[in-house]
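Several structures are given next for inspection.
The same chain A turns up in both complexes below, where it pairs with chain B and then with chain C.
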Partner chain A sequence: MSALDILLVILRIAFGAFVPLSFVAILVWMERRGAAFFQDRAGPNRCNVLGFRAGGLIQNAADGIKLAFKEDVIPGHIKHKFYFVLAPMLVFITALLCFAVIPFADVLILGDKHYIMQAVPMDIGILWFLAVVGFGVYGIILAGWSSHNKYGVLGGLRAAAQVISYEIPMGLALVSLLAVYGTVNLSEMAQFQGRLLFGFIPMWGFVLQPLGVIIFIVAAFAETNRTPFDLAEGESEIVAGYHVEYSSMKFALFFMGEYVAMFVSSALIVTLYFGSYQIPWFNTETLVTYARPVVIAIMLGLPVIGYFFGEWMKRNNRSHYYRENDPRQKETTVYIALLWSLVAILEIVLLIYLVFAHGGVADRILVALLQIGTFLFKTFLMCFVYVWVRWTLPRFRYDQLQKIGWEKLLPLALLNIFITSAIIVSFG
Partner chain B sequence: MITTYLFFGFALLAVLGALGLIIFKHPMNGAMSFVMTLISMAGLYALLSAKLIFAIQLIVYAGAIMSLILFIIMFLNIQEKDLPLDPNRWFYLAGGIIVVAPIAGLLIKISKSLPATEVTVFEDGFGGVKEVGQLLFSQWLLPFEIVSILLLVALVGAVVLAGKREVN
Partner chain C sequence: MSIKVRTVERKGRTFLEQLYLVEVIKGMTVTLGHFFRNLLDNSRLYVRHYPEVEPEITARWRGRHRLTRHEDGSVKCVACFMCQTNCPSNCIMIEAGERHDGRSEKMPTRFDIDLLECIYCGYCVEACPMDAIRMDTGIYSVTSYSRDSMVLGLEELLETPGAFDEEEYKKGGG
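Presenting the complex of A and B:
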């Protein structure tokens, strides 16, 4: 292995491990701000470091410090301490491992070498996801069972039954999708979605599988135990469900595990149905060919976006009543300075690229970076859909949940398989 | 070679898990050690470059079936005191060992008669999803389809039976 190989292995694994973790912070922030937005209130706006609140992101640091320094209690009535400690780890690790097979950019071609841009370049793709998601159930079952608490057991039972039931419609929705793509490899699926249908519609999964995408998204919501399917932690009935006995970092692992699972399933939905890293109408080869015009367009676009973002911050980040020397406006000035220096740095980097480095390897790396950005942006939007649904819909009743899964989604998924295969055989 | 060490690691874990399954008294401990065995088996399949079998082992056995068993253990809340007393177990154990001993002798003879040659893994693509699929859908199409329809009927039947009670 050359130095470049080792570097890329490290980079890809670092991406696969640290991006979901960073997204935990972003998602917790998005959840709070989103909740505040939907409920017409302010959200976290007090925590600050030297007056800088970063739009509420500092609240996460406060929460993290609180959880890390809290006393780690294992209640005395718990007999199986090993499973009690193992459960949160399982939930968190399985959520993180699912991301390992999701591609975040097209195959990177450097010279004569091809690098598959996944944390673990495995070609079983979606099967790995299904396998690892199955292990997440163990964490929930063990947590509920080892808590030795009625609420815990009830929550664990609900969560486990729900995850097991919704794996079936999810798997069946995937079957018809696999028939369309003709592969289980997520990288190949992503490449497939770079093509155009009838020459002008991007061939994304949701265009080809309009019914499948709905089934899959509903099942994915249920798999991640998110509202409207979060009966496992229905506060009004069973307190906090399977993590009622947990405190400190063990609780934090459940909490982070939920957000990592949300990020990973958003990433998977994007990969399967919303074109993965593909920028619509610009597949990898087009981007590489027209790298210079694209870069010039980005250089022109960046200041415009920066200007509007800065104006938006100026409008919103101020006190809503009269204050002398408004500290929030000072904060905004610093943010805008930071924003413009970021824009300036990006412009300089792009200019250096244009003048000195364009062509060959640099184009490939630039395109890969663009695709990573696109992938993360799409995933971010999909995560917002999770937050959006959570604060819009009320929680279902448990029998309703099982009924939707077995009596609505399952027949629909089977129907979808028949229709899809008929279309593929007759027109494909 | 790293694969050799991995093989010994997985084999050891698989045997330990199987021992745990029969030695542990608490059903949850037994089930969890069996999960360990199943995962180690998946690792062994992966070492043999049977990627599809590796994934299926994890999805079906270690994932779905064992989580159902854990679910039932949790649902019935089986504790050690619920298990039947078994005063004659040492007697049964001794009898079992005597009955099984010839089979063990057979197994030892088989493993000794294996040629001591270096075994190489098949060429690229062996055991992959596409290769197994092609084999399955060309040579074994009819049995595969019959089993699929059987499973589908079972699935639909379960849903119909579960839904019927709601109507009354």
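Presenting the complex of A and C:
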């Protein structure tokens, strides 16, 4: 193994481990501010460090510190302390492990070496995901059971029943998808989606599988225990469900696990159905060939985006009541200075690339970075859909949930398999 | 004689509504509209930026109590114990003393209101025959760091000014 190999292994594993973790902070922020805006409220916007509130992100740091310093209670009635401690870890680790097989850029070709851009470059792809995500519910069941609490057990049971029933439509939706792609390897699936249908429509999964994408998204919502399927923690009837006895960082692990799971399932939905890291109409080879025009377009676009973002900040980041020497306006000035220096740095880097480094390896790395950006952006949007659904739809009743799973989604998924296989057999 | 019967139309039974997805998307469009309206210009949020921007309190609002005085500065209260007797939460504690300014025979030497006990029902104000106790200070946020400081004494009650003029207070039914 050369130094480059080792470096790339480290980079990929770091990406696979730390991106979901940093997204937890962003997602919690997005959930709280998003929820507020959906409901015409302001959300957390007071917490600051030296007057800098970062749009409310500092609140996350405050919450994190609070949770870390809280007393870690293990109630006296709990007999199986080992399982009690194990449960939140299981939830968190399984959620994190799922991300290991998701590709975040096309195969990186440096010289004559090929690097598959996954944290763990495995061929089993989607099977790994199904195996690990199914394991995640053990954490919830274990938490509910070892809490020795009626609410906990009820929550755990609900979660178990729900995940088991929704794994079937999910798996069946995947069957027809696999028939289309002809592979279980997520990298190959992503490459498949770089092609064009009839020469002008990007061949993304949701174009080929319009019914499958609905079934899969619904099932994925249920798998992550998010609204409208979050009755495992229904506050109104079973208090908090499986994590009712947990406090401090153990609770935080459940909390973070939920958001990591949400991020990972968004990433999976994007990978399977929304073109993964592919930029529509620009597959990897096109991007590499036309690297210079693309870079020039980015260099032209960056200041425009920066301008509009800055204007938006000026309009919104101020006090909406009379205040002498509004500190929020000073804050905005700093933010805008930061924004423009970021734009300037990017421009300089791109300029250096254009003048000195274009062609060959630099092109490949640039395209990989672009694709990582695209992938993260798409995943971010999908996470927003999760938040959006959560603050729109009410929770299902338990029987409604089972009815939808078994009586609606399951037949639909089977129908989808028949239609898909009929089309594949007759046309291709 | 016929009873008017209005048949309420049952919603949610058509095929499209039973399909659920269409309705979900409709609902999500509504919330997304709110989201972008607020994201693009957050001055449109329906919120009051509370600690800085305070709500307007009307003269009828039952805030913290105060004791009133006559024009010449003497205490209106005659220590008749009406308010203390009437108080459902027993938060008023009066001790009466002799009065020498000729207005009546008694005046309070001690008048404590325990704000932690008070339920702000306003019965003391209604019971008072002298219009001596009022809840028109406009103070709605009663907080403190210690239990002791939540008990108001005679001096404090007399010092607190009213937030409204006489005209407005009378209009509020006082």
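In this text, the second predicted complex is superposed on the first by the 428 of 428 C-alpha atoms of A that agree within 3 Å, B and C clash if a C-alpha of one lies under 4 Å from a C-alpha of the other, contacts with A are read in each partner's own complex, and residues count from 1 in each chain.
By our rule, contacts are C-beta pairs under 8 Å (C-beta built on N, C-alpha and C of every residue); 3 or more make two chains touch, one makes a residue touch a chain.
Remember, predicted model here, so these are calculated numbers, not experimental data.
Asker: Mind telling me which of the two, chain B or chain C, contacts the most residues of chain A?
Answerer: Of chain B and chain C, more residues of chain A lie in contact with B.
Asker: Name the contact category of A:T392: first (chain B only), second (chain C only), both, or neither.
Answerer: second
Asker: Which partner does A:G144 reach: the first (chain B), the second (chain C), both, or neither?
Answerer: first
Asker: Using the superposition on chain A described above, determine whether A:A222 touches chain B (first), chain C (second), both, or neither.
Answerer: In the superposed model, A:A222 contacts neither chain B nor chain C.
Asker: Examine A:E407 and indicate which partner it touches, taking first as chain B and second as chain C; both and neither are also allowed.
Answerer: first
Asker: Looking at the overlay, does A:Y321 come into contact with chain B only (first), chain C only (second), both, or neither?
Answerer: Second partner only.
Asker: Would you check which partner chain A:V367 touches, where first means chain B only, second means chain C only, and both and neither mean what they say?
Answerer: A:V367: touches no partner chain.
Asker: By the touch definition at the top of the document, which applies to A:Q39: first (chain B), second (chain C), both, or neither?
Answerer: second
Asker: Does chain B (first) or chain C (second) touch A:W312, or do both, or does neither?
Answerer: second
Asker: In the complex of these two chains, what residues of chain A are touching chain B?
Answerer: Residue positions touching the partner: 80, 83, 122-124, 127-128, 130-135, 137-138, 141-142, 144-145, 153, 156-157, 160-161, 164, 167-168, 183-184, 403, 406-407, 410-411, 414.
Asker: Within their complex, state which residues of chain B touch chain A.
Answerer: Against chain A, chain B makes touches at 28, 32, 35, 51-52, 54-56, 58-59, 62-64, 67-68, 70-71, 73-75, 77, 128-130, 152, 155-156, 159, 162-163, 166.
Asker: Report the residues of chain C in contact with chain A in the complex, numbered from low to high.
Answerer: 21, 24, 27-28, 30-32, 34-35, 38-47, 49, 52-53
Asker: Hey, which residues of chain A end up touching chain C in the complex?
Answerer: Residues 34, 36-42, 214, 312, 315-316, 319-321, 323, 388-389, 391-393.
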